[in-house]
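You will see two complexes here that share chain A, one where it goes with chain B and one where it goes with chain C.
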Partner chain A sequence: MKAKTADKIATAVIIAVSGLIVLVLAGLLGYILIRGVGHISFDFLTSPPETIRIGGGIGPQLFNSIFLLVLTMIITIPIGLGAGIYMSEYAPANRITNFIRLIVEVLSSVPSIIVGLFGLLVLVNMFNFGFSLFSGALALTVFNLPLMVRITEQGLKGVPREQKEASLALGLTKWKTITSVMLPISMPVVLTGTILAAGRVFGEAAALLFTAGMSSPRLDFTNWNPLSPFSPLNPFRPAETLAVHIWKINSEGLAPDASQIAAGASAVLVITVLLFNFGARWLGRYMYRKFTAIK
Partner chain B sequence: MAQSFDRQKAKPHIAEEWVGKIVTLLCIALLIITIFSIVYFVASKGLSTFFKNNVNPIDLLTGLKWSPEGEPPFFGALPFIFGSFSTSILAALIAAPLGFCASVFMVEISPKFGRRYLQPVIELLAGIPSVVYGFVGLSVIVPFFRDVFPGQGIGIAAGALVLSIMILPTITTIATDALAALPKGLKEGSYALGSTRWQTIYRIVLPTTLPSLMTGIVLGIARAFGEALAVQMVIGNAPHIPRSLFESASTLTSAITLSMGNTAMGSLANNALWSLALILMLMTFVFVFIVRFLEGRSKL
Partner chain C sequence: MEHIGLTAKDLSVHYGDRPAVKKVSLDFAAKQVTALIGPSGCGKSTFLRSLNRMNDLIPNCKVTGEIWIRDKNINSPSTDVVSLRQKIGMVWQRPNPFHKSIYENIAFGPRYHGIKNKKALDEIVEQSLKKAALWEETKDRLNNSALALSGGQQQRLCIARSIAVKPDIILMDEPASALDPVSTSKIEELIADLKRDYCIVIVTHNMQQAARVSDKTAFFLTGEVMEYDLTQNIFTNPQRQETSDYITGRFG
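Coming up: the complex of A and B.
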């Protein structure tokens, strides 16, 4: 009888705690969206920020975030795929490989602020890229590579052995097997993981403070010459992203409507991350259905 | 004739094979070079405080006063170290029971409901950017603490609470995997002996999965330890050890975030910040090794 009472109490506590977690997320999302969505308008999304006056927007920041995301993924995806393929298919099972695995694990747990400091020292000062989108993209690549490697490895490990062996038995080289048999099969896993990694890039701020910088020049959105310092497409200009902007106006915002702007910008950020999340899930399921012909 | 034809045809394939192998090897080499250069550059900058500026490392680790611009300057980083440890351990103390309950719910009590609702919720929590956590902490938790407890609301308690929500997904995911991987026979044996679900959970499930649960907690602490902006926004940033949980404090990350941009590269004050970064990095390595050790034990 006593054991049964304890069981009931414990079950109730566990269910209550689980409910609490769902409530916390619901409250968190609800708070951000309710406070922020009212502030989102076309004008807010496209106009430049104001320093001391009311009515500033987040146009350049939003553009910077998207541009930086694209730049980062252009660099991260090939290197990450390559490193993942090596680790999963070519690396011999020996001590050196184990050591490499340890190193990748260490790199994945290095705090993002350290990656940012490394970027400041090496990319910004030593290689003289300055506070720029390019430095930011490279720092985020460092920060995202271990994840990309793990995703690729996971995807390739999930390929049925029979399929790989059939391809090899038909006389295809290992490389051909990887690129034309294994990668397409692992595509759903790799793509889903990549989109989730992209969402992480979109929200990252600590690694960007000292690499992409905390300011943005007055961008001229009619100037599409990538070499001009005022062109939005120039990768060697400083660029404050949306996440950095939220941090900055919260800690030193002078505009009278700073907290509304922060709320609006947070809502935009969260909505984007949610879109990435749901998009990744949907795409993963869709591709899985397409490739395996399961209804 | 046939042989030479084969060879001609095979050549580009073999070349391709080699190119593929070498290119992928270069990718992984790039990764290794990156991590070694991170360690090298952070260490060389962080150690120059001791070698070039002759600051005593013991003073840095145990000193209580941090005033790099003062005359004479003081470099006591103990308040930051204390802040980092107290926020991240407190965060883990809050998040660990929550995460354990959530994973028990998902694996033992209601897998269907758990997979359907709780798991997406946990994954979404993991996806929310840290600045958004900081913003919510600043506009909800801090005012709440200010009303309920004495003090300004900012401080270690606010930081720990924000961090605990941030590390909850890490702890829960690893705990869930560990519980799900438990051999069925163990649980069934316990049920067959007549024990209730709770008895099975805390007599069988909890002890056998403990190393994995600890792995999750250590990874959570590691993440909390390295988190910069969310903590910096709610902790207050006063460079001394607070007397209560609701008093302004600092962490290693918040000190670096706040001052790195305001000091000249190569100056003593700047080098001291790099020493803080070095401590942060070394702690990360310690966490990785603890995790490795725990993972090794869970296989036994």
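Coming up: the complex of A and C.
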């Protein structure tokens, strides 16, 4: 009787807590979306921001966010995959590799503002990259890399041992076994994780304040020469991202419609991150089916 | 085609300090099926996995002694393990086809070993599947996922996959223990067929299976070979009490 009562109470508490979490999340998302969605229009998404007049958009910021994401992933994916493959398949089980694993864990829990300051001191000042997309991408790499390494390592560790042995028993080399048998099997896991990591990068602000900077030059979207300072493609120009822009207009925006712009930009940010998440789930499921089930 | 056997000489395997196989010497002849029987944990699977150096993958596992193929000791450090494994096929307890199409499962190995010609690959796929008695069931759906096949079909696919790279020896680790009786008898028929071309070593827990498919049988107990003889002698006239107890089901 007593155990049954306790069981009922525990069940009720757990349901209440989960309900609360869902409610808070729904409320938060709903509030952001309801406030912001009305402000989103094609014009808003493409035009540059205004300093003191109404009617500014977030075009360059949106472009910067996406471009920075691409740059970060170009740096992160090869290094992260390489390190993950090493940790899973090549590293011997000893103290040194356990230490590396610990460092990776620590690195992933460093607050992003610290990463930003590190970026300012080392990348922007010491290496003289200045406030630039490149500095921003490197700073984001610092805190994206641990995730990428862990995802790859776990993905490969999840491959059944018989799959690996079957390939080796056919006389294939270890490297070929990894690339042709193991990576395809772990691809859904790795890809899903990568997209989730990308979503995190997209919403990051603190690490970028002091690395990618808080301003953008007047971008000329007809100039595709990556060496020109006004070209959107130049990785060595400063670039304010969407998340940083929201922070900036909320704290020091002078335009009369600053709060609507912040709300609209927030909604765009949230929708994009949600798209990343749903996209990751869908793609993960799709690839899992493609690799395992009947065509 | 030349037929090649395999000889193990004083082969020992240790996991850390714990001995799993103790100085086993066995001779496996070409065109013969040898069964390894014995209770769980007697070291027969560990011994089998040493023959194609698969135990190299397991940390803390140390294999000492000699394994001779022709005039080469393949357990020496200088052996090219990768090309050695091409010559020794392996089939596992649970079917483990690659997560690829039926065609790709077979073509994967040969293509890696240098056969790029589409026609030659098609030919290998067809021959391998025919040898594994799977061609009739799969010829119309070679591009379907191998994972859509039944367990017994998957196991025959795995056998086809290993013969596609033209090994001399095939190691089988309880190849039918995860299958239903019909699939099991198909695998057994297949083993009888394959015997004409390969040296086959099979680990099994099933006494009747050992009696049905093998020419010679080795009885393992606590890491040692108690008795090794023609299968009919082992089952009708065992020389040792332990062997007799085991095959009559008194322990194990």
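The criterion applied here is as follows: the second predicted complex is superposed on the first by the 279 of 295 C-alpha atoms of A that agree within 3 Å, B and C clash if a C-alpha of one lies under 4 Å from a C-alpha of the other, contacts with A are read in each partner's own complex, and residues count from 1 in each chain.
Going forward, contacts are C-beta pairs under 8 Å (C-beta built on N, C-alpha and C of every residue); 3 or more make two chains touch, one makes a residue touch a chain.
A quick note: this is a predicted structure, and the numbers were derived from the prediction, not measured.
Q: For A:Ile32, decide between first (touching chain B), second (touching chain C), both and neither.
A: First partner only.
Q: Does chain B (first) or chain C (second) touch A:Ile85, or do both, or does neither?
A: After superposition on chain A, A:Ile85 lies in contact with chain B alone.
Q: Answer with first, second, both or neither: which of chain B and chain C does A:Gln163 touch in the superposed model?
A: second
Q: Who does A:Ala212 touch here: chain B (first), chain C (second), both, or neither?
A: neither
Q: Touching A:Leu20 in the superposition: chain B (first), chain C (second), both, neither?
A: In the superposition, A:Leu20 contacts chain B only.
Q: Contact-wise, after the overlay, does A:Ser180 reach chain B, chain C, both or neither (first, second, both, neither)?
A: Touch status of A:Ser180: second partner only.
Q: Between chain B and chain C, which makes contact with more of the residues in chain A?
A: After superposition, B is the partner touching more of chain A.
Q: Who does A:Ala197 touch here: chain B (first), chain C (second), both, or neither?
A: neither
Q: Which residues form the common part of the chain A surface touched by chain B and by chain C?
A: 173, 176
Q: Going by the contact rule at the top, pick out the chain C residues touching chain A in the complex.
A: Going through chain C, the ones touching chain A are 52, 54, 57, 59, 82-90, 92, 94, 96, 98-100, 108-109, 112-113, 143-145, 147-148, 158, 161-162, 165.
Q: So in the complex, which bits of chain B are touching chain A?
A: Result: residues 13-14, 16-17, 19-21, 23-28, 30-32, 34-35, 37-38, 41-42, 45, 97-98, 101-102, 104-106, 109, 114, 117-118, 121-125, 127-132, 134-136, 138-140, 165, 168, 195-199, 201-202, 219, 222-223, 225-229, 232-233, 253, 256-257, 260-261, 265, 274, 277, 280-281, 284-285, 287-288, 292 of chain B touch chain A.
Q: Would you pull the chain A residues touching chain B in the complex into a rising list?
A: Touch residues, chain A against chain B: 3-4, 6-7, 9-11, 13-15, 17-18, 20-22, 24-25, 28-29, 31-32, 35, 78-83, 85-87, 89-91, 100, 102-107, 109-115, 117-118, 120-122, 125, 142, 145-146, 149, 173-176, 178-179, 196, 199-200, 202-206, 209-210, 214, 243-244, 246-247, 250-251, 259, 262-263, 266, 269-270, 273-274, 276-277.
Q: Which of the residues in chain A come into contact with chain C in the complex?
A: 92-93, 160, 162-173, 176, 180-181, 184-185, 291-295
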